[in-house]
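A, B, C and D label the chains in the order they appear, each numbered from 1.
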């Protein structure tokens, strides 16, 4: 059983007049913030504010990169050609790093969002495009992704540091993929269930899939969501239950 | 009379399926490229390509920052609040710098575009917002602007290196402002007239305004446009006429 | 004192993943719905849903047209040229009318939103552009605006039916303009104060401005906001207080 | 051999500062104009102008509907959910019809664009969404599509008038699908080859596919492209060669 674990959450997903998520509360609980970069969510002022608060609280800043799709919140697969996707990802990472630098820190890792996250699990061209963008921007930048994904495999082959995550509140298929949000039961809501699930992930290295099978995991980070009702309660429960077992919380990215 | 002068041009203004300007030809003629950053023109792949070509030809890369207004090409004044504008400018500069770094160079200066260019001539809140973004991002970054503008004055007070430009092909008011593009005669088209005008700017430090009065200028750079018919011919004429007088061409930004 | 009055509210202002306002509750209280058309807020599915619910409840559908500015929620003045603005407004009205028709009704009036609302109070070119769009689309369409505005004057001269509104929860200047949202005290929050204010508007034809002066008004409609905390409570208070005086509520637009 | 045929072309694809296609010349040659509606190309002023010119020349106006993807010009498949797609299509059709009405005509048909065109050849959910939008908007509206497509089949079952088109300048697979633009040889450029190909389509009902097989077609309309170099020459050659055989040109949509 590990002495420490990272908690990551999608943050900075407000846009203009529209607010989303309980960023203030979650930035007290997580150790890594996946900050949206303006293509599917987030705007420059939200990015600045989120980086600033993360930096003040020693929360590591990661780039939550996505498809160029505000209307769809990055949740719709887009068949972007690899070269364009690489450039769109580099653009997002660099833009966010501007706000990280202004807050005295740096972007430390990249995590694809939504439909792009799912695409790079298996789609080689898009996975490679994201990895190339990461390498082009900064050779020390890490990536965070799904264990067993093509994305992490390509990153690893390319010399990019890779970190694996497990989801506190998402249902898994028997193959270790996420159940689509379009399916019922895809998102767990009960804080106790979420905490118990995380305990088993971290202590036993196991997740029970939707079909009842048991998946083996060794996560570097646990993803708690920020935009679902009860997100804060879920994250708090995870910290309490794991903390009671002596697990501490710190960013997976070294510095 | 100066031994050398800089020629700058707005480049990288294509977007997606739509191409604009003769970037390839102009990147052979200018010494500084004001590269659009995606808010009013330009997209990530265009930005990458433009930075790459500029770097290959030792053309200095500058950030052509503008209002968030693709539909209006940044040519419509927007009453953005200062904090938002500062963040939007920082976002653009940082994003472009990602591509500059990928091409082995850095963004060396910032030049506002279109309606923002005109706004910061006199509007203190917006001028200050742009200057703050520049300083927030990189203390060594320079700005390029209109002599006598509030923008250059605030940049200067803030310790940001300032450079002054004159326009090869734009009509001036008697007050040294640009005649609005919505007015007839705002843009000059004849290469000979453009070249003669530049010769007088550089050798005598003078521009004849639309009302016949003579303005005093000491430009660090001359702006030639890239998106007007005959832009290349104009730029070529400027190089020939000035070159014949022994003037050489090099970036205003030291490195 | 009038037997009946209209209550209007800005609705359908959600966008994609982001929700805003308490549309369900307000559509039980208002008699006219200013439905956002996708340029500053609203998306096609939100538009369909809002038109459908409004039609089911006999709430009149109006087009809440605005600048093309999702990032700024239409609250930033944009110096659009008249021809472009006319076309952007026509586009929005026609698009919304598609959903109104699909719900078995029609768009009955047009009300500019945010910074456009304020611009057409005094800016003739933009006011005329909006009126032209309304006439181009449908000669029977009405407009709703601020009493004394250039917008209503031009609409009136052009033969477009005009209706005047007063704001339940916005502070007025002594000249009968709205106090800018950027100023403190611009938006009233207390339901009792709002209701009392509306009672005086409707029964006595008076509003007390921020400077203490008393403005004369004869509103055809009262605007209650949908996106401020307590909006529903405010609208409910208005209905109760006015209803207790025997005022009934019905759309200002005949049909 | 038919006495008459329709020629359709994608028009109105400029956006803001960016122009595309030779609309003026093509509107002299085609009988049906697929006018972009602002989601992947086109803006309100371009839509107005294109509808006006089409109306003046008795060219039928059709809605060229596409994915919400300006950056990708609608050429990237997007996995939009059916309900959203239906609403996005209805929005586009209604918006365009506003400009058609302002020009004294009406939108007569709907033709999906780019990746959406290809998607509805086989993807039932998206095909049905487009058909539902067409029916929701106007029961008399027709659709134009690829013979053998799921789209035309569903439209037909739904009582929507269907029309079949063949492409003058696109390569076909042996299954009667279009070769992807990402493949070499997907677009034909030689006017003589294009004209000869059209002659065979119209007179013999045959197209030779890329694999050499011969496809049977009975097109109601031939699509000539507007945004490729030589588009005008191609369209002109088609008119000349077919005209010489006594074929006349008129819209497929009755009115």
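Definition applied: contacts are C-beta pairs under 8 Å (C-beta built on N, C-alpha and C of every residue); 3 or more make two chains touch, one makes a residue touch a chain.
These numbers come from a predicted model, not from an experiment.
The angle of the rotation carrying subunit C onto subunit D, fitted on C-alpha atoms and rounded to the nearest 5, is 180°. Computed from the mean C-alpha positions, the centre of subunit B lies at a distance of 42 Å from the centre of subunit C. Those residues of subunit A in touch with two or more other chains are numbered 43, 71-72, 84. In terms of which chains touch, the assembly is arranged so that all chains touch all other chains. Within the complex, the subunit A residues that touch subunit B are 38, 43-45, 47-48, 83-84, 87-88, 90-99, 101-102, 136-137.
Interface residues of subunit C facing subunit B in the complex, by the touch rule stated above, are 68-69, 71-72, 76-81, 84, 115, 182. Taken in their complex, subunit A has these residues touching subunit C: 13-20, 41, 43, 70-73, 75, 227.
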